[in-house]
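Below are two complexes that have chain A in common, paired first with chain B and then with chain C.
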Partner chain A sequence: MSDSDSSRPTDPGSPPLQNSGLGGALWRVWVLACSTLTQLVRMKVFVFLILATLVLAAMAFAVVTFSPEEELKLIRDVALGSMHLFASLLAIAATAILLPRDVEDRTLYTILSKPVPRYEYLIGKWLGVVLLIGICLLFMDLFYSAILWWRQESLIQAQLAAFEAAGQLDAGLAEEVRTAIASQGLTWGFHSGAFGILLQGAVLTSAVLLLSTIATSTLFTILAGVAVLLIGHGQELARRYFLEGQVSTTMERLIATPVAIVFPDFSLFQSAADAASVGTGLPLGDLLRLTTIAVLYILVYKIAASLIFAEREL
Partner chain B sequence: MPTVSPSSPKPGDIDTTPAVRVDRLTRVFRTPMRRQKLIAVRELSLEVKPGEIYGLIGPNGSGKSTTMKCLLGLVRPSAGSCSIFGRDSRSTASRREVGFLPENPYFYKHLSGRETIRFYGRLCGLRGRALEERADELLEFVGLSDAADRRLGGYSKGMLQRIGLAQALVHHPRLLVLDEPTAGVDPRGSRVIRDLVLGFKERGITVMLCSHLLEQVQEVCDRVGIIYEGRMVREGRTEDLIAVENQTEIVLENADTALLEELRRLVTRHAADRPGAASGAAPRWLRDGRPRTTLERLFLEATGDSSRAGAPAADAHAGAAPSEQAGPPADSPPNEPTHE
Partner chain C sequence: MKKGYLLAPLLIIAFGFAKLPLEQRHSDSMIDRGLRQPVDMGLGEELGQGALIAVLGGYRSILASLLYVESQVFFERREWAKVETTFRLVTSLQPQFERYWELGGWHLAYNAASSYRFDESRRLAVRETLFHEWLDRGIAMLEDGLRHLPDSWRLHADLAEIYRSRKEDPRLAAHHFRMALANGARPLYERMLAYELVLLGDRESWQEAYDILMDHYRQGHRMPSAIRDLKILEERLDIPLEQRIPEEAPPPLEPEPGADATSGRPQPGPAAATAPVPA
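Moving on, here comes the complex of A and B:
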C-alpha cells in the first residue's frame, strides 16, 4: 500500500459528482439493478435454466400423442408451464435471498451510507430480478419457438406426404392441413402468453420484496412467497365469493376481504397463458389492460415496501 | 427535532462548520414482543472539527455503533440530532461527504476488487473514464492492484478491509467513519491501516473511528470520547486525557549505574530539603529499569517488515506496552523502545 505524496486518491471534495435529480436517481437504480443481475447470473442460474429447459423439452417429445395438433399443444403447454415455473421460482427465491443477505453481510451499510435513498435500493433490487426473469423468459420463448416452428413444419410436411401417398392431396386440402396444424403451432399468442408470465413474475417479485422488508430470514420469505403465489392463484375465487354475496358470516367476511384486497390476482395473468395454450392469445387491448393492472400492483407493493423499509432498523 | 441546514461558506471564509455534530442524541430500542425499552444512547453530544481524527471508544454495548449508525442515517434518532458538515444526517445529501467502513465488512463476493470499486463509484455518480481512473488510483493506493481482478471471495481479511477503505474513499469524501478498521487484521495489516489513517489527516480528511484497540486509538487520534452505557463519560485531547499530571518521565541513553545512582541521590536530597515533604508533595523517585519494546514491533521485525516497524508516522505517535520505566522520546530511532 503506498501513501506517497504524488498520489491524490484521498483528496477530499474533488470533482463534483453528477448525482442529483431524476437522472441521478435513475442511474443509481440502474447500477443497483445491473449489480443484482450480475449477482444472480454468477449464481449459475442460467446453467440450471438451460439444463432444466432441455430436460422438459425432451419430456414433451416422450409423451405419446394421437394427432399433430395434440403434439403441438403439448409442446406449447410444456413451454408455458416451464416458463411459469421458472418465473415464479426466480421471483420468490432470488428476491428472498437478496435483502436478508445484504442485511446479514452488512453490505447494505456500505450501500446506504452512500447517497442512495432506501427506495432506490428497493427499486434497483426489484428491477434486477425482473431483468433476470425477462432474460430467462426471452431465452425460453426463443428456444420453444424454434422447437414449435421446427415441429410444426415437419408435421405439416408429414401430413401432406401422407395425403399425397393416398392420392387425396389437392390445393384446398393442403391449405386446410397447413392452417389446422399451424394454428396449434407457433403463433403470436404464444408470445403474449410469455408476456403475461413476465407480468406475473414482476408482480410476484414486488410482493416478495415487500415481504422481505418485514421478514428477518430467507426461509420465512420463501415460504411466505409461495403462500402469496398459491393464494394469488385462488384469489379470484375468494373475490367472487366476497363480491357475489356468498359470504354469510362476519368471520367469513373478515377472512375473505383482506385476501381479495391484499393478495394479487394471478388468475388475471394466467388468462394470457391460457389463451396462448389454446393457440389464440390475448388481443392487444387485453394485454394493455393486463399491463396496467400489473403496474398498479407493483406500485402499491413498492410504496408499501418503501414505507416499511424506511422505518426499518438496520 | 431541529433541522440542520447545510452551510455554504463564501469564498475566502474559513469553514468552521463541524465535520460531525451530535447534539443530545438519544436512541431507544424496543424489544418486539415485550415492548421493553433499551436505551442505547442517552443525551450524547460530541463535535468533530474538520481535519481532526476523533476516536470513540467504549466497551461492547456502550452505544458506539448506534451513534455511528445514527450519524450515517442508518438508524433514526429517538431524540436529538446528528449532522455531517452541517447537513442533517437523515438527508441523503449528507452522505455525499462521508465514506464509511463498517466493522467486518462483507462486500459482494461475486465481484472482483475492481468491480467493487466501480460499483460504489457508480452509486456516487462516477462513470466512464473518470471512474476507471479512480478505480485504478484507489487500487494502487490500497495496494491491491495485483489482486484487482480477483473475486472478493478469495480475499483475506486484511485485503477486504483495504478494499473497504477504497470504496469508502471512492467519492472523495471529506469525512471518513471507520468502525473497528483493524478488527481481525494481522499486526502488519493493522499497521498499514493505521498509517493510512494518519495519511488521511495530512490530506485534510476528517476521521471518526471507533475501536477496541485502545493503543491504536491513542496513537492516531487527536481527540477521544469515552462512551459508557450510552453516555459520554470522558472527552478531550488524547494527550491531556492520558497524561499523568504529577509525574515526569526522563529517558537516558547509555547511562551507567553510577549516573543513575547519583540522580537517585539528587532526587532524594531535593525531596528532603523541600518543605512539606512529609505530606507527599515532594518529588519522589518512583521506578527505573530498562524500557520495553512492543510485541507489535517484535512481530514486524520478525516477519521482515522492519521498515514499517519504524515508520516515521508510527513513531511520532508510537505506543507501547506498560514498562517499568519511561521510554525514548518521539524522535527515537526505528528499533528503539517506545514510551508508555
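Moving on, here comes the complex of A and C:
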C-alpha cells in the first residue's frame, strides 16, 4: 500500500465522512490522525528511536561518576535530554514534511475533495504528529524508568552492603542512604518532566504546522521551526525586557517586543524537565497551569493556521 | 490581500499581548519557589556560543552533567582553577542540585587546598597562603550554595566540617552543625555539635554540650570521644560525684562508626551518606 493509500480517510465499517455534527468531525479528525501516524511510522521512526535510545542509555553508563546520586542524575539527564531531542526533532521534521508530501503525492486533493473542512485536515495532521511524539515519549519513559529503578535498587543494595561490611550500618544510616539514592532515582517528578516535554512538543508541532501553511519549501519550515524552538527558549528574556522596561535603546525594543509577543515561552515547559533533573518535579498545580498555557497556544496557532490554509491556493 | 492572511497575524499579536502577564506570573511563581532558573545571557561569555545554544535549546541539565564530568578530568589533572571555573558554571546552570555545590566546595576546600599545602616545590609560606586561599574558595562555594538552598542540611554540615577540621573555628563549626540539625541532619551531628561546644570557653556552651552528650549516653551511644568529653565536662561543670558516669576517661581514642582514627570524628568530605572518598 502506498503512503497515499494509507492517508485515505475511508475505512469500511466506519461512520461515513459526510456525517455532520461534532461526532462526524471528531471521527474525521481521528481518521486523519491515524493515517498521519501510520504515514510517519512507515518512515522507520521507531527503528531510529530504539537504536538511538539504546546508544544514549549506554553513554550514560559509560561515564565514570563519584557517587550513586550522580550516576542516577546522569541517567536521568540523558533520558530527559534524549526525550526532548526526539520530541523536538519529530515536532519539527515530521510536521514540516506532512503538507508538502501530501501535495506532492496528491493525497491532499483526495482528502479535500471529500466533505472534509481544511481545519479538520490540519487538526488531524497535528494530532497524528502529537500521537507519534506521545508514543515515542511513552516508550522512552518506560525504558528509562526501568533502567533508573534497576540502577537505583542495585546502588542502594551496594551501598548498604559496603556500610555493613565496614560495621557502620545502623537503621538511621540505612534510611538515609535509601532516601538519598531514591530521591535521585525513579520518582514521579521524572514522569512530570516527560509530560512537560510532551506539552512543549505539542505546542512546537502546532507552531511548525502554522509555518508550513505559509511556507513554500520543507527546508524553510524546518529552519524556521528550529528558530522558533531556540528563540522560544530565550523568549523569557525578551518578555522581561518588554514587561519590566529593561530595554534602553530603540533597537532593543524593536527586537524584544516581537519576540516576547509572537514566540511561545518554551522554557516554561522545560522547567518540568529541569525540576525532574534535580530530583524534585513540578507540583500538580503547576503542571495544570502549564497544560492550560499549552492548550491556549495550540488553539491560537490552530485557528491562525486554519485562517491561512482556508485561503491558500493548492 | 486575503482576509485570512491579515487575521492570522492579528490573532497571534492579540494573543501575544494577552498571554504575557500569564506567562510572567507563572514564571515568577516558579522562580520564587526555586522550581526553575531564568535564562542568564551572562552565561554565554563563560559557556561559549555552542553551549549557550544548548541552554537555549532546552539542554541546560544535560549540559550541567557533561560539564560536571569534564570537571573530573580537571580534578585528575589537578588543574584547580579549571575545576573551580567548571563548578561555577555547573552550579550556575543547575543551582537547585545541592550535590554540585557540595562537590565544588569539597574539591576546593579539601583537594585543591591540600594539594597546595603539600606541594613541596613551593616555599612553606606560599603553600600556607595558597592553602588558606583555596579553603576560603571552598567555603565561598558552599555559602553560595546556601543562598540558593538555605534549607540544605548537607551544605551546612559540609561547612561545619570545614570550620571544624580545616579552619579550627569551633564557634562557626557549632553554628553550622546547629543549622544542619535544624534542617533535618541525623543525630550524629548533634554529637558533633556537642564536641564543638566543649571547645568553646563559656559555661552555657559546656552545659548544652553536657546535656546533649548525656542524652546520647542514656540512649546507649557511649563512644570513646563522647566519654572523653563527658569526663572533661563533669570536671568543668562540677557535676556531683553520684551523677557522674562510671566510665574512666579513655586514654587513646578508638574510631567510632563513621569517624576517623585520630579525632574520633566523622571524616571530612561531603556530608551525604553516599559521599565519595577523597583521592
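Keep this in mind: the second predicted complex is superposed on the first by the 294 of 314 C-alpha atoms of A that agree within 3 Å, B and C clash if a C-alpha of one lies under 4 Å from a C-alpha of the other, contacts with A are read in each partner's own complex, and residues count from 1 in each chain.
Everything that follows uses one rule, which is that a residue touches a chain if its C-beta (ideal position, glycine included) is under 8 Å from a C-beta of that chain, and two chains touch if they have at least 3 such contacts.
Note that the coordinates shown come from a computational prediction; the quantities given were computed from them, not determined experimentally.
Visitor: Between chain B (first) and chain C (second), which does A:230 come into contact with in this model arrangement: first, second, both, or neither?
Guide: second
Visitor: Could you tell me if A:115 is touching chain B, chain C, both of them or neither one (first, second, both, neither)?
Guide: The answer is first: A:115 touches chain B but not chain C.
Visitor: One more residue to check, A:73. First (chain B), second (chain C), both or neither?
Guide: A:73: touches chain C, not chain B.
Visitor: Should A:300 be classified as contacting the first partner (chain B), the second (chain C), both, or neither?
Guide: A:300 sits against chain C, while chain B stays out of touch.
Visitor: Looking at A:314 after the superposition, I want to know if it touches chain B, chain C, both of them or none. Which is it: first, second, both, neither?
Guide: A:314 contacts chain B only, not chain C.
Visitor: By residue count, which of the two partners contacts chain A more extensively, chain B or chain C?
Guide: C
Visitor: Give me the intersection of chain A's contacts with chain B and its contacts with chain C, in residue numbers.
Guide: 311
Visitor: In their shared complex, at which residues does chain C touch chain A?
Guide: So the residues of chain C in touch with chain A come to 2-5, 7-9, 11-13, 15-17, 19-24, 26-27, 29-30, 35-39, 41, 53, 55-62, 64-65, 68-69, 72, 94, 96-97, 99, 103, 186-188, 257-258, 272-276.
Visitor: Spell out the residues on chain B that touch chain A in their complex, using ranges where they run on.
Guide: Residue list for chain B touching chain A: 29, 69, 72-76, 92-93, 95-108, 110-111, 119-120, 122-127, 130, 134, 137-138, 140-143, 162, 164, 167-169, 171-174, 177, 192, 195-196, 199-200, 203-205.
Visitor: Provide the residue numbers of chain A that touch chain B in the complex, in ascending order.
Guide: Interface residues on chain A, with respect to chain B: 1-3, 7-15, 17-19, 24, 27-28, 31-32, 35, 38-39, 42-43, 105-107, 109-117, 311, 313-314.
Visitor: Where on chain A is chain C touching in the complex?
Guide: 63-70, 73-74, 77-78, 80-81, 84, 88, 159, 163, 167-168, 170, 172-173, 176-177, 180-181, 200, 210, 229-230, 233-234, 236-237, 239-240, 242-243, 260-262, 265-268, 270-271, 273-275, 277-280, 282, 286, 289-290, 293, 296-297, 300-301, 303-305, 307-311
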